[in-house]
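Right after this note come the structures.
Heads up, the next two complexes both have subunit A, just with different partners, subunit B and then subunit C.
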Partner chain A sequence: MNIKKYLKVYKKFLHTSLASELEYKTNILIDLITAIFSLIGSIFLLSIFFQNNDSIGGWEFEQALIIQGIYTILNGITNTWFNPNLTEIVKHIREGTLDFVLLKPIDSQFFISFKKITPSGFLEIMLGFCLLLYCIRINQININLSFLTLSLITIICSICILYSLWFFISTTTIWFVKTWNATEVLRSFLYIGRFPLNSFSFSLRIFFSIFIPIAFITTIPSEVFLGISQLWKILLEVIVSTVFLFTSRKFWLYALKFYSSASS
Partner chain B sequence: MMSNLINSKILTLLKVQYSNMLEYRVEIALWAISGIIPFFMLNIWTNNNLNESISISEIMLSRYFLCAFFVRQFSVVWVVFSFEEDSLMGKVSPYLIQPLNPFFRYFAQHLAEQITRFPFAVIIAFFFFIFNPESIWIPNLGILFLSIISIFLSFLIQFLIQSIVACLCFWTEKASAVERLLFIPTLFLSGLLAPVVSFPQYVKSWVYLTPFPYLIDFPANLLSGNATNIRGGFIMQILWILLLFPLFKKIWSAGTKKYTAMGS
Partner chain C sequence: MVKNIIDVRNLSKSFDISSKKPGIKGTIKHFFKRQKQSLKVIKDISFEIKEGEIVGFLGANGAGKTTILKMLCGLIYPSEGSILVSGNLPYRRKENFLKNITLIMGQKQQLIWDLPPIESFYLNASIYDIDKFEAKKRIKKLSVMLEIDDELFIPVRKLSLGQRMKSELLAALIHEPNILFLDEPTLGLDINAQRNLRKFLQKYNVETNATICLTSHYMKDITSLCKRVICVHNGSISYDGELDLLLKKLSPVKEILIVCRSNQDAIKLEKLGFSVKDKTRNEITIKVENNYIISTLKTILNNFDIEDLYINEPPIDEIIGKILIKKDYDV
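Take a look at the complex of A and B:
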């Protein structure tokens, strides 16, 4: 009953935001070209690293491409859903329009997280999938049911962690109001997700597993693809993503208690 | 008389914008933090001994990336985003009546922001030196002077390119997509993520003709004391400015003729 209602509302969200985004057709076209160039650029950078080396942090070029593929998919998802919606929280709080969101007979987190959609991110997701398919071929990975389920589980967990991180950072604006750039900081840290975690020094590896779990976001799914991931890592990722989702939800509810509308 | 007037105008603008920027300290600090990608890149380079293949010692490479960070900090340009917002909000019309090209206003904004940003960048550099004490060095005054000029020229090039893109707002209203597209080559070819010397030959053969290596790679090499063609670099920077400035003037006068205020 309830889920039906939310699905219905989401359909309306999709419809309205697609309609408004498609007004800017050249924009979408330019964004598509940007996505393609961005992927070419990252592969170019990776190829510089592998110019005179066979492996970086134990990853060969063909294997590192998998990380790139997964990063591209996740980046596409970020650009399609997280970025347009969660940067909007800042605007809501600055202009006091969060009141209208809170008054609606619908969960405020749902409304804020899914209201908008940027269609140009779809191409990035597709590009990522193509790259992954290519990687499956060159790395001679055999596809079977357990491989598919495990990779699906880990990627979904990555998306959940990523979402929680974005949501977490955006929520802090309730206190700081003017942190437009906090998401920029997150973005630049996430950039590291393009490279295997083992290629960093020990201290950075610790930092990127505990504070900003980039390790979980791209490296573990890639290891699952290569069939070299241990079961405990996958379990850990599931646990971490649940904890993240749960905490970000609690944090949002907690932060709302401190929300006082603009000018009050 | 005339030059006095311009001087006082510029000084007033700078003062106003500086006090304005001081209001946004947290935001600017976050901006400074979001620029630390070069340090992560350095970590990948040295941790995997990739620098041996391009025959740059670890210390010189760490200085290079520190300088790249600094150059980036003082040549970041966001005029497209300001201008796009102003033109969408209809703020451009009052600016146009004033006896001062609105881009002077943005120019002063950028300079003021750089002054505000300076202490934060120094703090980040300080931490960098704590972790890498062996890479401390003091460039001699002449080199320091030349590098400051080259960083300013790099800033000018980027400011002109972005102003040209910003003028597209007169036609399309949303010009930031074009800027995002242009940011991709800036990111990958400017030397922010990998020094241009490390690029494969088929890229190196043409990349020095584009403006990109002169945005970060050239000033960073100059400041860090790595090998670079000083005279050639300056000539190319000035050539690009001489090329871009008339282009900007042309597109500006064409754009203001095309401009109609919102609602007309």
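Take a look at the complex of A and C:
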């Protein structure tokens, strides 16, 4: 793979999608306001849960805020990259415009995963980071190199798992043509990621660890932040994210063999 | 000797298609249990196309023309048979193959809707690994050829259909492909825009020796661009050869419109035993076989004092219409 070429193309993707978004200034403003109110609403909801309890599932309010921070960053990434691109796959397949993507001398998964960007999601990412910095202060977390490295690794793994899950569901459109609802269900499950995994019953914990790996997406990075995560959990997250990425890639290449294009 | 650039042997394609009966009962049944059947849309076809040729694919809606084009450019896997396009198996979609071809679909667009077309051109240039300087040169050359140099900086959504189609062409040709697959490129365009597009394609073919495979329902596209046509009927090839030869075979007669000086002359002419297509007061249209045109004209000019005379080919749409519904042509 020619990395230089892909970087050049990505620069063009950034430029064209930002230019497209900036055509509609009011829309960007509404998105920014929505992001701020969404975070305020989430923190308010969390505070209601903790009103009569000092801790839920062993997590105190200040600690649970870390999960909220990581969730906000991931939601920002979802809104910036995944939502504008991966929901388009369904449209590409239904309308047959995937033809243009497949006939370009560039990796089709790269093209459909990164062509667009929604700048308002950046605000959510920044708000998430601000909340995390605040959490570091109130939880008196010691910042050192191993803390930063492990936090970064687990957050990157979370992003990979989230991307792979979404991409996997979108790919099934090649057979089922319409799968909007499935991606919506995935987003709804992600809302659960705002709460510590231990606050759920045993059976739900198993479900959210194995079937929809929400635990890997928010709880493990939060545990790393608090310094309470075990090494085996971090290793497991790295393995799970690698398997997810690899499988979604293979699944896409396999599915393309069944692509029949839309009729003219 | 000109080499073959496309070689298709015993190509077939089947699709699984589910059918649904009308009404609520049919809908419920369709939801729970789909009646799937394998439909063979392309049946054992073979043909070759030489480098620099412009070939028109003719056929009724659903005959299989677009499926053939999509298999040739590698979008659809063939069920049986083999395809070689410039020495490549298209469905593998190797980078050097993709850099040599382009697909233009009249009913679908790849330009970025909210931005001027120039942004999409530069994006495509980076995908095809063309540096900025070279891209600028190519955009300038093609925009002059397509006469859209003034529209390059206007958002796509504000362009007319004709201007948009020309911009689509430029976006699809920026990498200077050797093989062009055009699926209904003039769909929805007005007469002038259609003519300009045809002129451009002719010029592009002459200047670059590119091979062009074209499907169109506008007969003018086919007659002015293609020497050779491949007629597709229900997934099989019903004719593959020169368009002129097919037209001669299908239209062995010409129409002669004779404007007589008096109504009596027109009546006398009618009684001579010609096959009369139409008659108004002093005008009469007769159908004459190509071999007898000269002798018929001599007879008319020697025996009648006529005011004017026109020799017409039957309308091309009428002839092509016959191709779409007939199965075999033995020319």
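One rule holds for everything that comes next: the second predicted complex is superposed on the first by the 262 of 264 C-alpha atoms of A that agree within 3 Å, B and C clash if a C-alpha of one lies under 4 Å from a C-alpha of the other, contacts with A are read in each partner's own complex, and residues count from 1 in each chain.
Here, a contact is a pair of C-beta atoms (placed from the backbone, for glycine too) under 8 Å apart; a residue touches a chain by one contact, two chains touch by 3 or more.
A quick note: this is a predicted structure, and the numbers were derived from the prediction, not measured.
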Would you sort A:Asn27 into first (subunit B), second (subunit C), both or neither based on which partner it touches?
first
Is A:Leu231 touching the first partner subunit B, the second partner subunit C, both, or neither of them?
neither
One more residue to check, A:Ile143. First (subunit B), second (subunit C), both or neither?
neither
Contacts of A:Gly41 with subunit B and subunit C, given as first, second, both or neither
first
Does the superposition put A:Ile3 against subunit B (first), subunit C (second), both, or neither?
neither
Output check: A:Gln51 vs subunit B and subunit C. Expected answer is one of first, second, both, neither. What do you get?
first
Who contacts more of subunit A, subunit B or subunit C?
B
Does the superposition put A:Glu184 against subunit B (first), subunit C (second), both, or neither?
first
For subunit A, which residues lie in the overlap of the subunit B contacts and the subunit C contacts?
24
Residue ranges of subunit C touching subunit A (in the complex, touch as defined):
15, 66, 70, 73-77, 93, 95, 98-99, 101-103, 105, 107-110, 112-115, 119-120, 122-124, 126-129, 155, 183-184
Would you pull the subunit B residues touching subunit A in the complex into a rising list?
24, 26-27, 30-31, 33-37, 40, 43-44, 47-48, 50, 53, 172, 174, 177-178, 180-181, 184-185, 187-188, 193-194, 198-200, 203
In the complex of these two chains, what residues of subunit A are touching subunit B?
24, 26-27, 30-31, 33-34, 37-38, 41-42, 44-45, 47-49, 51-53, 56-57, 176, 178-182, 184-185, 187-188, 191-192, 195, 199-201, 204
In the complex formed with subunit C, which residues of subunit A make contact?
2, 5, 8-9, 11-13, 15-16, 19-20, 23-24, 95-97, 99-100, 102-106, 257, 259-261, 263-264
